[in-house]
Amino acid sequence: MRDPRLRILSTILLSAGAFISPVGAVAALLWWALFTPRLKAVPHPRMLSGVVLMISATAIVSELTGGLGLLYLLRMIPILLIAAWAFSDRQESELLDVSVWMMGKRTGFDIGLMAEMGLQGLRMINQDIVQVRQAMEIKGMKPSVRNLVPLAANIVINQLRRTEETAKLLTVRGYSAGGEIEPTFLTERRDLLLAVLASAVPILSLLAHW
Amino acid sequence: MIRIEGLRHHLLDVPSLIAKEGRVAVIGPNGAGKTTLLELLSGMDKPREGTVEVMGRRPELATVGWVGEFPDHTMLFSRVFDEVASSLRFLKVPVDVADRRTRATMGMLGRPDLLLRGTGEISGGEKALVALAAALAPSPDLLVLDEVDSHLDEASSRLIRETVLSSDQRAVYCTQDMDHAAAADLVLYIDGGRVMLRGPPEEVFASLEGTCFYPSMWRLRR
Amino acid sequence: MRAELELMASREGFSLRCRASYGPGVHLVSGAIGSGKTTMALAMAGLVPFDGDLRFEGVESKVMSLQFPEYHVTAASVDDEVRSWGLDPGEVLPRAGLIGRNAVDPFKLSRGQLKRLNLACVFALDPDLLILDEPFSSLDCRAKAKVCQAIGSRDGRITMLFSHERAMLPRVTTLSQISDAELEPLGAVPGSIGRWAGAPPYLRRALEHGARPRNIAMDDVEEALCATRG
């Protein structure tokens, strides 16, 4: 979906629908299966299966001890898959655009800017981790719990330094509060249709619940 | 363009310095205080003692374009367009003017295609170019470059250098490339926080002749 | 002593084809930013996966120095940092120009000082294969001159130098360049100098004036220019 506002709206509608009742969960799963690239869209299959495993374990334990674990599992899986799709469908600078659209040129811009900078920070941290691990291998330091401390210290200190640099850059670029920006969105007819269909899911779910 | 009087700040001790229009190159060994001086000139820091003025005003009141040593580490946005336009947006310039200036700046640098890209996917040289564009977009009173060419290959470094030298943009740049310094109007050699040498390149480099702080292309002349 | 490469190294969606053989000496590899120098360096150090063959003969030890020295820091003091490399601070600190800084937190050093510390450590280790990724970056010309000396004093060992340094270069044994995702070994100097697309401006200018330097360092170029002037 090109329009991030519709994507966020759809995600909320589908997740709510999935949670309210098992019928909603199945409907949400159906929406996911029909209208998303499905498993191709999952960014880190390993990470996702890790989360699924954790939730399954919780569900099984709950079921065995008399809770409603399996029903919970049935509802969580569509929610996770929808979340994975929403995450992987992101375009650049969406956070900024949506933020300004929702909250205006002052607060919205500031929040969007922070989100963007946060993402950049994450990107840098990813690079840092790779390089620190390479450096440790060069020294013959095997990955171990003891070596986690220098790794973490390195990452944190580098990030702090960068934060200082970024703060200086913001100052020199004239940042005070807010920014003059007109976010533009590309709303395709297909996106609108899918969002409308997504809104049917919580409605169905509520009807089934009663 | 630049006026410094009675400056005492950390390591820096500059009793008096006046630079008229043009390009100023700052050279010297590491740890001499070059970056500190550049940060004072850009208004990123306030002097403990003394005055620093850019275009007759306190630096934080002037519009300064800054490009740091590692533009890769300080990209604010994920879209190149947002990055280049950032200063204009922060300064609340009307959107249509800001967009036009952003496109014009990248056009002047010869890479309007970069505006459609993401800041994470472009090369190191392109990132430096984007940072330069972001600094130039608000038509700054002074452009300050801190060792931008130190980590670039020759082609990228040359493009940055040519851009800075060709326009009539007032600029102060710190560099380890003595050939680049030799193209300035005024060269400052800083060591131990003091401006040991100042003057046009021929004068300053004449005093530095036996040292490694000497333009490689000039060595060929002798 | 030899390192032979016949491989395809990949990193972040980029692939580089390398086919070369490096014996004892200093081998400079040049190339534009993003051309793959670091990828090749990491492949030779065994830090990124590759398809193909990397054969060593008589190479008992190899060490790589990364471009950004901050990544190497694992200890809380300069002394401990040197010891983490298995070295004696008393020997290494003078070489790094950091006498008296034993107890300082490495992160409090400037990038240039950290780089000098790091380089002093890898040179002190004196491995059979030393891989230097942009060793001159973050250094002023005085420190660069010391690095050139250190490189020059490694006799009978293999030194891989990945750099786009344009003024202070050491004498080298061979030249190689990377372009279009492929390594092109140009062979031994002085023969390969004429074919070196990555030659720094001072070398290019000297060649234009008909000089035939024996090597790529400034001294050699000046000497060769003098010779043309008679």
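Read from first to last, the chains carry the letters A, B and C; within each, the first residue is number 1.
Everything below uses one rule, namely that a contact is a pair of C-beta atoms (placed from the backbone, for glycine too) under 8 Å apart; a residue touches a chain by one contact, two chains touch by 3 or more.
Remember, predicted model here, so these are calculated numbers, not experimental data.
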| item | value |
| --- | --- |
| Most distant chain from chain B, judged by the mean position of its C-alpha atoms | A |
| Of A-B and A-C, pair with higher C-beta contact tally | A-B |
| Between chain C and chain B, distance of the C-alpha-averaged centres to the nearest whole Å | 28 |
| Rounded Å distance, chain A centre to chain B centre (Cα mean) | 38 |
| Touching two or more other chains - residues of chain B | none |
| Residues of chain A that touch chain B when the two form their complex | 92-93, 96, 109, 113, 116-117, 119-120, 123-124, 162, 165-166, 168-176, 178-182 |
| Residues of chain B touching chain A in the complex | 39, 42-44, 60, 63-66, 68, 70, 73-79, 82, 86-95, 98, 118-120, 134, 138 |
| Sites on chain B touched by chain C in the complex | 28-31, 123-125, 150-157, 176-179, 211-213, 216-217, 219-220, 222 |
| Chain C to chain B touching residues, read off their complex | 31-34, 110, 112-113, 134, 137-145, 164, 166-168, 198, 200-202, 205-206, 209, 218, 221-222, 225 |
| Sites on chain A touched by chain C in the complex | 128, 131-132, 134-139, 141, 147, 150, 154, 157-158 |
